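Chains: A, B, C, D, E and F, in written order; residue numbering restarts at 1 for each.
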């Protein structure tokens, strides 16, 4: 009899039980105010990841040696952000309960809130390390409290002062930047203070959220709100390596909007970064 | 002192008070399940409409002779469909209260529900004439009752049996098509029965909703869900002419997604159709 | 435990054993001389087909009621056309041996030759019905005998005079058109003689090959060699309906090149046509 | 020694002396008010024409049998329309003086004026047959008398009343349409009166100008100002066949803007139409 | 009564009288020899600027605190460069006469000449600081003296030797580079000598012209003539900061061609740079 | 009589006899496994190169002073890699036999094998210097020994251990990287060891192969397999300068896929690099 063969992300074919990291997609961009398209990120990564080698010359490691499960994409309703977050929270909680590390592929950045909600229930002292071009600390946006522009403020509601460390930030309203100075740690434009923060967070449970628009648009134009003046792929890779020394309990990569970059280079970069992140974080 | 000059849609520069039709944009596509982008339609039409002549050789009439006000676009939140509908309903009601005809430019098709809610309060015996590729009669979609795929079912909740007439329909689930046979009038694939319906609706107040994907994708690829086998521009124009004989109290053009057609031909067609619709409907 | 969910083409989830039609992809465009990209057709159809309803208002039938298996895509080497054809022939033969109908999604048109080689072994009196813009009857092209431009000549090598009927042809070299007049039946520009041919072929085993560029580029620009002056979707649908009355033992849809049409309308049309073809051919 | 091989348009390799038609490009779009790009038309046709067969199944004739010279493209300055027209006039006059038929590939429609200036000097009783979506009869546009929107008015300055026959017109200002009723013959929307005009013009010297935007944007989106509601490729081909019965002394194809249609179908259609025009006009 | 709301550039809503900087657009690209599209820059910046925050984390300043007027775009004829320059000169002169700083958004680089003509009448000892990939010092181009490739040579006609300082130059003909060595100051490839020049020009009135193609195409591909090897956004920002210490009496940003970069990153960068330039220059 | 004028690459108009470098195109991408399109590189460079100045401010040299012949593009069959290599080998051998330096423009990287086959016959002690993102050292790929992914392994078959030096490598399978450590010299990620290698190879005959995907995708997204983390244009230019000190007997630039970068920046960079390479290598 004929056998079907479908591509998993990066060719992962390990079972759920034996895996230590579980990758899944959250194809939602329902609050994106400017240019939608992040909903297509997880399927784009799934479709294109076969073009990436499983071997990393940066780390001299191979994905074939680690145990990762690709759980596919959630089926999320549009037009109801709260319901979407509930589904993500429930799915993430299931993975955490099984003692595994969830790695969520967005979708827009708001999806992180669903996963953080789950993580904070398992780890009362959860810290968040956040790479992004935007501080995402507004209290509301266009009258809505749930938005890609408020996601870190909503996370702050859950974890409180001093628990969120942001890097690469180069955009925000005066009010949110001002609010941020009192409630979170923000490293503007780069990762200069990451070593320092990494020391301080040693052994703390960390949620690691990478909004890919932290990258310069020259390297990553395929995102809803490109912000000139970002970091290079090399700088991001270096920072991911440092962050991977933390006790990461859950993580995400968000805000790839693949159709906005017709060259495909943004999707390709995301696939490669995913490989490196997995090899760094896997222990 | 210098004077600013901005383009209004089709160059409209009449005041609100003297105008009989009020055009406004509803830039929302938050429930679009497949390919978003309809949010950009009203600004695209505003930006590109200057390339269209104000004179119609089809009708030998000129927009410069009629009184239409361009009210700009609503500022709508994403991620909360119900709130969006409330805003649209309130705005539409304001226009109706002033005895004018609202012409809403979508956005996705769900925005029609907001306007229909307003119209049905002013006209208890409201009928709906609906051009579309999709019947949009599902009761829920991905668990949500407010969706571009349920919009006509929600309208039916408001107007009841026998009040909705659909034309050009060529896609739907078996269930919704089956449900539709008992509750609405559906003319599949074309406008053949429009004459007949137009006679029956004479003098009734009519909400006229044009989902532009009723057009064949060859003429109009710039839409979220292109459906092969649609009508030509000529056929649509002919049908709009017929429909304009009705007592239209409010109307809309929805589902242009301009960035999905990089040739610009879809936006250009929408601008031209808007001109013709206005000249036909204006009395 | 978590369950993976991946999209099959058009949501097919029947088993191989119970299915009567087996769909598979042949992602090869290695002899395409002008604009490559047909290799991406089967994965594009797989990814986009979820946007198409399973119900056909044309036939009042639903894919959920028929038994079709999606066997995924063959993994084909590039740069060696003969080897590719061998793989396709073997795969097709396996399906035919099990008494099922293979429906191959190209790929460029040359892939048809692999499937025809298999079919002609099972059906000595095989006829070929061929919809195409190009007659594909050259004996060689740029010195090669295996090419998208020679595929029907190579099929003729297998079946001989009077066994190939072409429809919609509107391009060819003087030599191949002239050769064609003596060896195959060619209906130029349209399907006018299809009724007549359908009568003549009653009960004969037929391989049905649809090169999608038979469509006019206005409806289907996403193909390697667009040829103005083609048929409409309606005309093709009508012709497919007629052809489905034949005793079709194997079939294919080829030459969608999805990335050449950034609007996505070509891929969407191909998905819809696939649904209609399956519902017509399934008995 | 190595020999260079470059593609001429449609592979023409006849010498100037033996040729009866001379094709040349006028890559100018300097007065285009909306979307420029027509300057790239002649090089696009030259680059892509190799994908078109030299044989026409419509006429059963082959380009290899006729004598046409490809003179390459003029090198035109931008920012000075009058100078451009002088260059075109001089080049066209040279061809006419040698007793050959010039076929100019635009460029925007204004380039026709340069060629008409030359033709009217050789043929005092010149008539113009003009296929277009736009009447191009304005006296000035944005303060300029030389513009793609005034080109036929400027031609009228040269030939006077009753000498210009327009077909397919579906756009214009009220003023120019009104002016046109008294000074030119305009057939709106289609070619219905072409037979009649063709009879009337028998034996008169005719300049034949085809603005390709006479085609519907579904078939030809690659043009600066797409106008919905145009003619099909079949209808245009039929009309070209009729027009070719006239005594054509010079002709042009203008307003392809190849980069505006990323599918390439517009350029491909223009190449094919060029083949048919040449085969029809060549005697 | 309903109120219209249109987006001004970056949300500017101050009156002309109270403003110190006046932004206006010069949508002209009529001499662009290679790839046109700069005409669309000012409307693209106007449409997209709402996606940029008004607050700058680089300068800790906010556009809401400064007084800038958006005067909209000039309506310029195409095909007549001299007339275009006259309109720009007149408009710029009006602003200068009112004691305000004009900031012109191109259009192609030739538009700078119109503004420089105005500025040199108000400031006899005007200096020009010029960021660009191309030296633009040709005396004529394709026979024309007014061209994007001659604009700095025409400015030199007005200001004479030693008054033009160019930075970032990495392209030119041998002749113009050679001519430049004797008449202007050219800093190749970077801004290394900007400090030195800034000292020398202290208190002199300066026209500051930024041709955005000084940026590397990786950051800014949306321009008519991309030149590899340019500066980064960070480097440009740093240089703009330095230049803003000068006595700038008028300035421009030119050569964004938004449709050439379908990712939108080029337009987005231009919007952000405009914010930074305004906040730096405003005093 | 009229004279035809066609663009040669970079305007080269010297005769074959007097030239010392011969440029030709090898438009083949038949083994490309992921995204085809490199076949269009040589014609894109030919068409766009006129937008590049002939003068280099980097070297203060001008193409007009050197003798280079543009031999046009080979006409290669698709679907038969071995035959393609034979044609390339024969063509290259002809140039080498005449004592000239062949510079081949790909095409995919496999085309290098044809030229290396020719070069190794003329220079038994040939060394290969190879800039690339991918090591291309697989022994077979999808069952094929001739592939863009095996090209350097096939070259090794010809030259043996210690003769291949790779730079910029950042992707490969574990097996090929491991194999490479024993048989070739690989400098990962950058050109750090190029000085060292250049010393060692002094006077040896060198084949210089530049796979343009060695560049970072931010600068060069127009390639089949973009790999994040590459070198900048400046770094590549520096490395080319160093390599040009070697005794280069033949060279190539491969893997530009122009249609994959709709901004045109990749093609423009390739044209500029070609100018610099020619000016560096020419002696």
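By our rule, a residue touches a chain if its C-beta (ideal position, glycine included) is under 8 Å from a C-beta of that chain, and two chains touch if they have at least 3 such contacts.
This is a predicted model, so every value here is computed, not measured.
Counted as hops between touching chains, the shortest connection from chain E to chain F is 1. Counting hops only between chains that touch, chain D reaches chain E in a minimum of 1. When chain centres are defined as mean Cα coordinates, C lies farthest from chain E.
For this pair, chain D with chain F, the centres built from the Cα atoms lie 42 Å apart.
In chain C, the residues touching two or more other chains are 75, 216, 218-219, 262.
Under the stated contact rule, the graph of chain-to-chain touches falls outside the line, ring, star and complete shapes.
Listed by chain label, the pairs that touch are A-B, A-C, A-E, A-F, B-C, B-D, B-E, C-D, C-F, D-E, D-F, E-F.
Residue ranges on chain C touching chain A, taken from their complex, read 1-2, 4-6, 8, 16-17, 22, 43, 47, 69-73, 75, 94-95, 262. For chain B in complex with chain C, the touching residues are 34-35, 169-174, 177, 188-189, 216-219, 221-222, 225-229, 260-262.
The residues of chain D lying in touch with chain E in their complex are 29-33, 36-37, 39, 75-81, 83, 110, 141-144, 146-147. Remark: chain D residues 51, 53-55, 57-58, 62, 216, 218-219, 233-234, 237, 262-265, 268-269, 272-273 touch chain C in the complex.
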